[in-house]
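Working notes, structure below.
A, B, C and D are the chain letters, set down in written order, and residue numbers restart from 1 in every chain.
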Amino acid sequence: MTAPAIELKGISKSFGPVQANKDISISVAPGTIHGIIGENGAGKSTLMSILYGFYKADKGEIWINGKQTEIPDSQAAIVAGIGMVFQHFKLVENFTVLENIVLGAEDGGLLMPSLTEARKILKELAAEYELNVDPDKRIDEIGVGMQQRVEILKALYRQADILILDEPTGVLTPPEADQLFRILGRLRAEGKTIILITHKLREIMEATDTVSVMRRGQMTATVKTSETSPEHLAELMVGRKVLLRVDKLPAKPGKPVLEIEQLRIVDGAGVERLKGIDLTVHAGEILGIAGVAGNGQSELMEVLGGMRSGEGSIRLNGAALPLHGAGSDARARRAAHVAHVPEDRQREGLIMDFHAWENTAFGYHHAPEYQRGLLMNNAAIRADTEAKMKKFDVRPPDPLLAAKNFSGGNQQKIVVAREIERNPDLLLIGQPTRGVDIGAIEFIHKQIVDLRDQGKAILLVSVELEEILSLADRVAVMFDGMIMGERIVAETDEKELGLMMAGVAGEAA
Amino acid sequence: MEKMPKWADVVLIPLISLMLAAGLSALVILAIGEDPVAAVKLMVDGALGSSYGWGYTLYYATNFMFTGLAVAVAAHAGLFNIGGEGQAMLGGLGVAVICLFIPWPHWTLALLFACLGAGLFGAAWAAIPAYLQAKRGSHIVITTIMFNFIAAAVLNYVLVNVLKPASSMDPASARFSETVHLPTLHELLAPLGIAFSKSAPANVSLLVAVFACLAVWLLIWRTSLGFEIRAFGRSEAGARYAGISPVKITIIAMMISGALAGMMATNNVMGEAERLVLNATEGAGFIGIAVALMGRNHPFGVFLAAILFGFLYQGGAELALWTKIPRELIVVIQALVILFTGALDNMVRIPLEKIFLAFRKEPS
Amino acid sequence: MDFLTLIQVLDSTVRLATPLLLACLAGLYSERAGIFDIGLEGKMLMAAFFSAAIAAVTGNVWLGLLAGIASSLLLSGLHGLASITFRGNQLISGVAINFLAAGLTVLIAQDWFKQGGRTPSLLSGGRFEGLEWPFAIGPEDAAATGRPVSQLMKEAGPVQQVYSELLSGHSILVYLAFLAVPATWWILYRTRFGLRLRAVGENPAAVDTAGVSVVGLRFAAVAICGVLCGIAGAYLATALQAGFVKDMTAGRGFIALAALIFAKWRPWQAMGACLLFGLLQAIALRFQNIELGPIVVPVQAMDALPYILTVVILAGFVGKAVPPRAGGEPYVKER
Amino acid sequence: EPALIFDLGGKFDKSFNEAAFGGAQRWAEETGGTFREIELQSEAQREQALRRFAEAGANPIVTMGFAMADPLSSVAPDYPDTKFVVIDVTWLDAPNIRQVGFAEHEGSYLVGMMAAMASKSDTVGFVGGMDVPLIRHFGCGYAQGVKAVNPDATVIANMTGTTPSAWNDPVKGSELTKAQISQGADVVYAAAGGTGVGVLQTAADEGILSIGVDSNQNHLHPGKVLTSMLKRVDVAVYDAMSAGDAVEAGVFSMGLAEEGVGYALDDNNAALVTDDMKAAVDKARQQIIDGEIEVVSYYADNSCPALKF
């Protein structure tokens, strides 16, 4: 029997008070693809970063090919034959592809010979694995799919036998993802060992040989893929049976609330991010926007929320909202009864160092009920916060605790409470349940549906198709800054939407 | 969960940093062959042992309160205003213009307008780097440094070519008229029957500075503008989400900061020298950095730290007067305070956090 | 202005640009590696003092140079400790270092020499003296002909004037500084070290995950910065002048910083910027107010011009200065 | 106990302030007394230093330089029992200030003559410190001396700056000297406080002669400093300290007759000063004292017959 390619024994790691990995052990056989799944924040990236020497474990042992190996830094990992493609790429943006690949793996003190040599090897690798990239393009000139290839090539150039990929398909379209899996298959056939982190059960089922499940820093199970099912894995992931559909009555759409026509955005670098969007959201309905991350959904939310300017026209209840200049900022949007739960609550929706009560006023800090003469009425804000915390079951219900000291789900509840309780005409809500535990997911979903049933319009952006399918009434798919098509949720399925997400246009709805 | 209780952050860390700085300073004094204990005694005596000493300590402290507040307000907006020196110089120009060219009937009125003039000049000098940062992305630290030098050149030019009276040799403005003379603590306290040294320069600007501390506290923690400044300082993306204009807040915060730095001139130019001289600021703009760091950007902390530095300054002047220790000792102490409370903060913080974490873990 | 005067102004430009250039290149290494350094001034000042002090005591200028470099390196180490090891604020660390140098130099000078914070004047062995090139007009020619050098120079042809006045006669550190420019270019763009250095200033995580030590690279960059600042300081005290006086750097560290931004962190352009700023200084030194027809440019305007130009460049009105992307940020892996 | 306040150039400027220090030192050695002293770092400190010494009971308080005029005028009335002494100020109106001025133009005249006699190129230089009437006063006397010997000689004059930092900028002194040398000057007179150190250094490096000021600076570069224009600040300080708190207030002028100014002759420059030179200069000295030669003062109508600034 051959020794496992990787064996981790009792790995623990904490970041200050956060225990990211607790006594984790895992073993991966050589020449296999091993999947790792788990909710956001479960500790997957941390574990792999430890294996790659990026973080140092507090406790535990690493065995590579049957030998105990110290991996104090990435150099050691590379020497041990490990390569890793991080969730967030580690590339030098204004270097060329070639320079990125040789960085750290140069032979000799002079650059030119290394680059010449690397160019040759790169050509061979590209031919062998269908990984074509232009070695002289700068990283900031190529797309994310290309950048991922560069990362994979970096590992192969360093002759990695063990390849770790952290959520590689999050930024890829389905066809790109398919190609990736073909390449992985070929690598496996050559005897390389691959660890694949993903949230997508379908990818696990299709591509892996074995799969491990992580929950809250612990390894809950390792099973053969052939001996499990998506439902089983989901249960292992969240620790109990998962409710796949939200209970809700059919929508009763009313008059149009939000009408978007020919909306365009050109970013600072001159790239067109939105290429003429037309959308309508009616009162009493939830319109979901599906799509692979980075296809313009964030920009759409930002321009609607008043965080950036654009061209075209948007009307709210028939009245035009300015898209740039005076009156186009987020404050004006709030005044027009548009509420916005942003995609990234920690970066945008909250000030992490502010107390909960300050965050409750955040964005509405000019509201008359929060003022007393020239000063802010802190007492009123605190009382209001307490009421909202109670209603949304925020734990602990302490307005004086800083936002960063709440758990992700409770942070999200603070944001959702702040926005929904304003009783807006239009709610923009992005990734409402990202990194939120299952109990909070159900609660938040219910709040959204309730708001709809009060006859409000809701625009929901999510990269989780499942969430869209269970929550939205209508769905529009975005690809490359355009709407590929709209569907009634009840009349479509994952497969059709997946094709549209890949840029294959469906017939207009 | 917090890594460490708030009091440790606000009190313990600055205290330990200060002790480290003090310890090293003592070593420096030892190294140049002097007795640190005697030096400290002399400093305490000279700075706090008499109303004369207090008068100077408070005079310096007034300067540092203004510049410390200036750094603190900018810091709340996430901006490092290293240009307090230049803004204070321009503030001096503002005061000189107000005092020289307008015949004031009474000092109260003059002070009011001097505050305005100084604030306006200081704010204007800060507004340009702020605008360039907000609109054109120029690094504000570099631009404010550059503006310090430009301010020095401007002041130099104005003093030599414009304000210098024809008959005079030194590059300084004419003396202000008697009517704009600000009452010193001696004059203020005499009616209350309190005897205070006649020759110490601490004056009514001290009250302006204390009032400024209060006003800044209100502004930062009690007004929606302060709320926006703090929010922007913590997260620019968050600010944009909340409808807080980064451009507007950057410019406003820097202008408030510049105005505060400029208002220092009511103390040193109007209250003390009663004319504008070259280098009137004597580096107070830079000391503001140390003061704000020590005071954790809180007005009350700034108030305390300003008095500490006022003490250091007056004590240091006494040292230079009565011993062989050069005045530069204060510069070294100032450097060490900035180093430990600012740059080497983590050196104290990380072990402390570990200790607190260990204590918390054990019971559970 | 006649040709010879022009050459003389340029000659003085070269002398005055040298400390700027050395400090500017020092900053270039540090900032290209992602460590902002507003402490150039302090390091130069420290080096100026120690080089003059040791040269005065030993009478050997080379020992002085070494001492200057060592003292500057010490401050670099402090900056590294604060900004790399303890991930502190690089700007604040720089401010502290400037004050530390301003205070310590006077304190130590007073303790050692009791001359009010200066060193004794350096005698000839304690200074870097000008290197007369072969065939350049010099004192020997004056002695041989019995006429002053200035007269001989005036009568010489333009080539000889450029050769004797502008190129010849500078101290070895001047030539070293100008040689450092191509050397820096070569290191930065043609060596492995340069590639890594530039990378660590752009994205330290990329360097880290590529198996190269971020801390090591950054300390190396900061150390090179220290060495160059040390030479710059030693040049001031032992070549440009004959001894240390307090605050003798007089803002040159900040002008160098300005030049670095002006040059957008590139070596050849850094030389250009330093020569330009050196020229401004040379003009301001030689002429008080400059009359350009009806307008009189006050000397203060010349003094302020480097700073104004830098602000203009920073504002992006004339090209945009984009600093290394990771500049100023400590590399923090674990929050 | 007397006190001494140095001006911004600092106690060891080898020139003006150092001369004062020398006088105080001599007084201390001869009487065994002690004195307080402080070196100012900035304009803003002047008043504090004055007050601090007055508060501490120092008497007399000797101060250096015209920049003390303004602070003195506001501090002196507050301490009527304290005697203040100020060098280079003669226009204040206070009963407790002793104001000492020097006839710098007379001393400068003498060294100007020597410069003209030593020059081979018939071109001599003058590097002034801060551009104020006082320094023009120096330059004017110097130029008159030069022209007296050689009416065709050229005098190149430069000022270092317009602010007090001009007293302490050796780099600039050095650059200005280089410029003057390239214009043919082979004797340079520095009246620039600490800046002069750079002037003398460069002159020595480039092989021309220089003339020091205030203190005897001949020893700085033996054999290369032609002479020094002595301004007996040391005597003024010594006298004031010797008189103690009984020092007489009022305005005093010290010229050649009072031996308040002169030129320096010692071993370091003996080889440079020819007998002819010495004879001519000593003769002129006597003639000035006797009123046979009138050296025009720049102060008379703020202009100079022999030199344009």
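Here, a contact is a pair of C-beta atoms (placed from the backbone, for glycine too) under 8 Å apart; a residue touches a chain by one contact, two chains touch by 3 or more.
This one's a predicted model, so the numbers in the text were calculated from it and none came from an experiment.
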Chain at maximum distance from subunit D, centres defined as averaged CA atoms: A
Pair of chains whose C-beta contact count is the highest in the structure: B-C
Distance from the mean Cα position of subunit B to that of subunit A, given in whole angstrom: 45
Chain centre separation in whole Å, for subunit D relative to subunit B (CA means): 39
Chain centre separation (subunit A, subunit C; CA means) in Å: 48
Interchain centroid distance [CA atoms averaged], subunit B/subunit C, Å: 31
Junction residues of subunit C, two or more chains touched: 117
Per-residue overlap in subunit D, given as positions that touch at least 2 other chains: 162
Junction residues of subunit A - those touching two or more other chains: 16
Chains that touch, pairwise: A-B, A-C, B-C, B-D, C-D
In the complex with subunit A, residue positions of subunit B that touch it: 1-3, 218, 222-224, 227-228, 230-231, 234-235, 237-238, 240-245, 353, 357, 360
Interfacial residue positions of subunit D with respect to subunit B in the complex: 36, 38, 41-45, 47-49, 51-55, 66-67, 69-70, 74, 78, 130, 132-134, 162-164
Touching residues (chain side subunit A, partner subunit C) in the complex: 15-16, 52, 54-55, 73-75, 77-78, 84, 86, 90-95, 99-100, 102-106, 108-112, 114, 154, 158
Touching residues (chain side subunit B, partner subunit C) in the complex: 28, 31-33, 80, 82, 129, 132, 136-139, 141-143, 145-147, 149-150, 153-154, 156-157, 160-161, 286, 289, 293, 324-326, 328-336, 338-339, 342-347, 350
Residue numbers on subunit D that touch subunit C, as the complex places them: 10-12, 39, 120-121, 131, 158-159, 161-162, 168, 170-172, 174-176, 178-179, 181-184, 186, 194, 197-198, 201, 205-208, 220
